[in-house]
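Below you'll find the structures, each written out as structure tokens.
In the two complexes below, chain A is the common chain; its partner is chain B in one and chain C in the other.
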Partner chain A sequence: MTTPSTVFPTGVSWETAGTSRIPFKVYTDEEVHKQELERFFYKGHWSYVGLEAEIPEPGDFKRTVVGERSVIMVRDAEGGISVVENVCAHRGMRFCRERHGNRKEFVCPYHQWNYTLKGDLQGVPFRRGVKQDGKVNGGMPADFKVEDHGLTQLKVATRGGVVFASFDHEVEPLEDYIGPTILQYFDRLFNGRKLRILGYNRQRIPGNWKLMQENIKDPYHPGLLHTWFVTFGLWRADNKSELKMDAHGRHAAMISTRGQGGKAAQVTQVPSFKESMQLNDPRFLDIVPEPWWNGPTAVMTTLFPSVILQQQVNSVSTRHIQPDGHGSFDFVWTHFAFEDDDDEMLQRRLRQANLFGPAGFVSADDGEVIEFSQEGFEQKPFHRALAELGGRAVDLHTDHMVTETLIRGMYGYWRRVMEEGGGPRGSTPQAGGAEVSQ
Partner chain B sequence: MSSNAIEMNFADWFELTNLYADYARAVDSGDWDLWPEFFTEDCLYRLVPRENHERGFPLATLSFDSKGMLKDRVYGIRETLFHDPYYQRHVTGAPVVRKVEAVAGNVRWHCEANYAVFRTKLSEVSTVFNVGRYLDVVERTPAGLKFAERICVYDSEMIPNSIIYPI
Partner chain C sequence: MRNIEWIAAAELDAVPQDDVIGVEVGGRDIALYSVDGEIYASDNICSHGHARLCDGFLDGHEIECPLHQGKFDVRSGKALCAPLTEDIRCYPVKIEDGRVFLALA
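Up next is the complex of A and B:
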């Protein structure tokens, strides 16, 4: 590339009509970031907020976020789930400070404005003033209506015990949003069994939030970066693999079935594979196939923009992407088990959790490479990344892992939403951005 | 001191505090092979967010229940986990002994100590990396004092990207 006229260009400029060359500016520009929040997190999309099992009883709540806005997911007295914004209607205070708990109502401590669990304002102190010496002092104006001053209430959808919310009450139904292709993998994991929460891991990754979506849409790296996978034979070049995405290219599933036969040297072309290497304690890889897998040993599902659903052998979790400016996001892991797991399976899931999370044998390095990519973007914002493995077009379905099609697909969607001025509705893969082939 | 204070002779106390200081020295040295040797064969080592610990959630950030697993972790640190190189520095408070028991003739001390770990990346300033407390069971073995359990319960709400080396 020749020397650019400027190191800090304004605006995002794509080298081609497609999405195989991704400008660094999409990761480094604060204005782009705010527009992404508007268009992907606050309008036309569903965001993950949690699992029903986190709030089993009436009054149970969990504080979380949609995009960068603090919200509270709460189970009301009738057993329904509401999601309300954590900003008091009076002075704008983020009143809920605990991260979880049980309440009969929400009260802002500043002036004791109190709300039902659904977010309706019920009481305002001194609303009708204070009587003193035979006259009424102060109070709210006569036309003040509590109905006009509730907490912002989000639209809520649940499926299989997973809770999603949207600030946009016109958003399409959750099932249409996920789309039939990805919905089958969603339903495979969340098939109606009750979930048991195993706990949380929280990490702050100094990189753009999209990089985490890309990481789980990138089957190129696991056999190369995650040498632990390879060393101990969990990743092999003869793994049977499929990549799928929804019709918009925004959600995806990486589906793989661990290869069993053949001599290891013939099936892995990765130098880090060591056939003779044995774990001192093989229980890390005490994998027991479960009936609901229906074959695949790992399915990593990305739901754009906010969550990753993990099944890696017996370890299952949600990974919530919580952006914080263009250059950082919090990554919250919720590991779970199923109600009908026996103790052995529960222990197995917990032991395999050592592979994942911020210290995991195969996940710690994902956070590291994201940080270093961001560093590269920041110093060279006129440049672009390449995603040309497997060609330059978007293939909605491939039966191998040697392609970056899912990343191209996501940016096809990104370009359609970000460049066409309108909202996300009506976005189809044909409507500009990347070329699509089936 | 409270009336149910633990009685300990000076030699035991010296040996115990020496174990804590030596552990900090070892995990900050960069010689990761030293780390598993502080533990018994069927030890328990856990790195747990305070949230999970206090809410009774069984998930840990790392959970190893054998010395073999610690050795596997050492292999991972050295050979497979790609990460930014960094120094770490443990500052460990004096242990408080909560309980003394004898198991099969061996003394076991249940102890607790605060810790702070600082991280220094190359060309960067030093930062607070992970803070919490150790909940330990220390056992006297023929090879000296060893940790039968070391549960690191950390306050740090966010892990700054990743934890690679032993806490």
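Up next is the complex of A and C:
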């Protein structure tokens, strides 16, 4: 039992050397939050920015964020993808207001500074001054060079139609960043087929951004919180399950398989847990196994810090975590399909998407419990959460769902990066934080 | 064959050597350029940012727009660099009795 000296302590104090007891301060402290933005979002890490299918044509752009910095993902005239920061090099204005669009160039409306789609400055109004009565007034100094005043350009990596960006041009290659264990689940979902965008959900969740990562690293809540899953038989305690994480403990995959090898009969003929309750429209559970699943019926992949990759039976989406201060984040869902889907599969994916998103039959619960968790943290900032299910260590591979090891793994990584001052590079699971066993 | 209609645009000595002026001719905003003693005429509004080219800077046969530094060749109206993507229209010029005439049709 902790004896807190004060209700409002300064600094983050962990009760143990491990990460099974997580101080509420990691969710409530604005300074911690800024340090997280620096170390996880702006340095040494890749952030999800979108899907190539969102910007198929030259000039197509999407406004999004890396951490809390507004950026624009754009397809340039040559067909390449650039990501530039949405801050004018002149007076710092966040010049792009549209979420999506098509442009030949970017122009800041304030003084019409004018950039190529790659972010190079090309024109500056009255650079050479204004002619009046035979003389030229004003203008930029003679040594002003447009080359020195482009938009900030991010490093970009794409894989399987997914676009990542980093402000850190020294960041390790994307494949190394994801690591071999998680990369195979990434490639399972994004295996080179062209994607088709079905639509978006957006929600602002009044809780710390890490809680959403934790939510998808917590395999034991679905059968308890999401009564819809249980009632209609989508979640069963006998689901075959695996949990995996990368060598750093930052990324993870929750892999679950219904029935034996995903045979159609056992996946689709879902008996209702409560026999008296029937879906009015059973098509929500019209599940058809797909060859690319290779067994698992659901794989939820968390890529730290910015995105969750969802395959829940036939519903596939990305979920982008966009922090907004320590106590709030925007959660943006991009529902997609594959180019080779027939109309029936397309409809099936759309219908099953009703389980997810801000008002989803299942996901609505998550937004709410994250909000209520944050409320608890804010009123009791000296306390800590418990994540001791399945022990106190970090197991890189688990073959059941009754453990919080993925949460402990993430905070092991968090502690190594946040406490050792040097940033993420060279961080290994052995270098502090939780004990690791394989 | 239809006769070309020549419209008086300006006095020749109103166009300063190696510089540009804006005039209104037949309701149109026109830029007149003088380069090495030759007179050229084009639409005065940049095809990119809606600025007046007569407020820009003439270097030889190139007019640079004051807003975004796009350049056109005043002889052909051809757009020479980014951010320009469209040419501008040029007009035939003749000089008679110390005046500049344009064919706008």
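Worth a mention:
Assume the second predicted complex is superposed on the first by the 418 of 438 C-alpha atoms of A that agree within 3 Å, B and C clash if a C-alpha of one lies under 4 Å from a C-alpha of the other, contacts with A are read in each partner's own complex, and residues count from 1 in each chain.
One rule holds for everything that comes next: a residue touches a chain if its C-beta (ideal position, glycine included) is under 8 Å from a C-beta of that chain, and two chains touch if they have at least 3 such contacts.
Every value quoted in this text rests on a predicted model; they were computed, and no experiment measured them.
In the superposed model, A:354 makes contact with chain B only, not with chain C. Within the superposed three-chain model, A:227 lies in touch with chain B and out of touch with chain C [touch as defined at top]. In the superposition on chain A, A:280 contacts chain B only, with no contact to chain C. Of the two partner chains placed by the overlay, only chain B lies in contact with A:330; chain C stays clear of it. Of the two partner chains, chain C is the only one that A:127 touches; chain B does not reach it.
Of the two partner chains placed around the shared chain by superposition, neither chain B nor chain C is touched by A:389. Touch criterion not met for A:183: it reaches neither chain B nor chain C.
In the superposition on chain A, A:247 makes contact with neither chain B nor chain C. By the document's definition of touching, of the two partners only chain B reaches A:204; chain C does not.
Comparing chain C and chain B on the residues of chain A they touch gives the larger count to B.
Per the touch definition, chain A reaches chain B in the complex via residues 99-100, 197-206, 225-228, 231, 272, 279-281, 283-284, 330, 335, 346, 350-351, 353-354, 357-359, 361, 364-365, 367-369, 371-372. By the touch criterion given at the top, residues 104-105, 107, 112, 114, 116, 122-128, 130-131, 146 of chain A touch chain C in their complex. Here chain C touches chain A in the complex through residues 49, 51, 55, 57, 64-70, 82-83, 85, going by the rule given at the top. Residues 47, 49, 51-52, 55, 57-64, 66-69, 71-72, 76, 79-84, 157-164 of chain B are the ones that touch chain A when the two sit in their complex.
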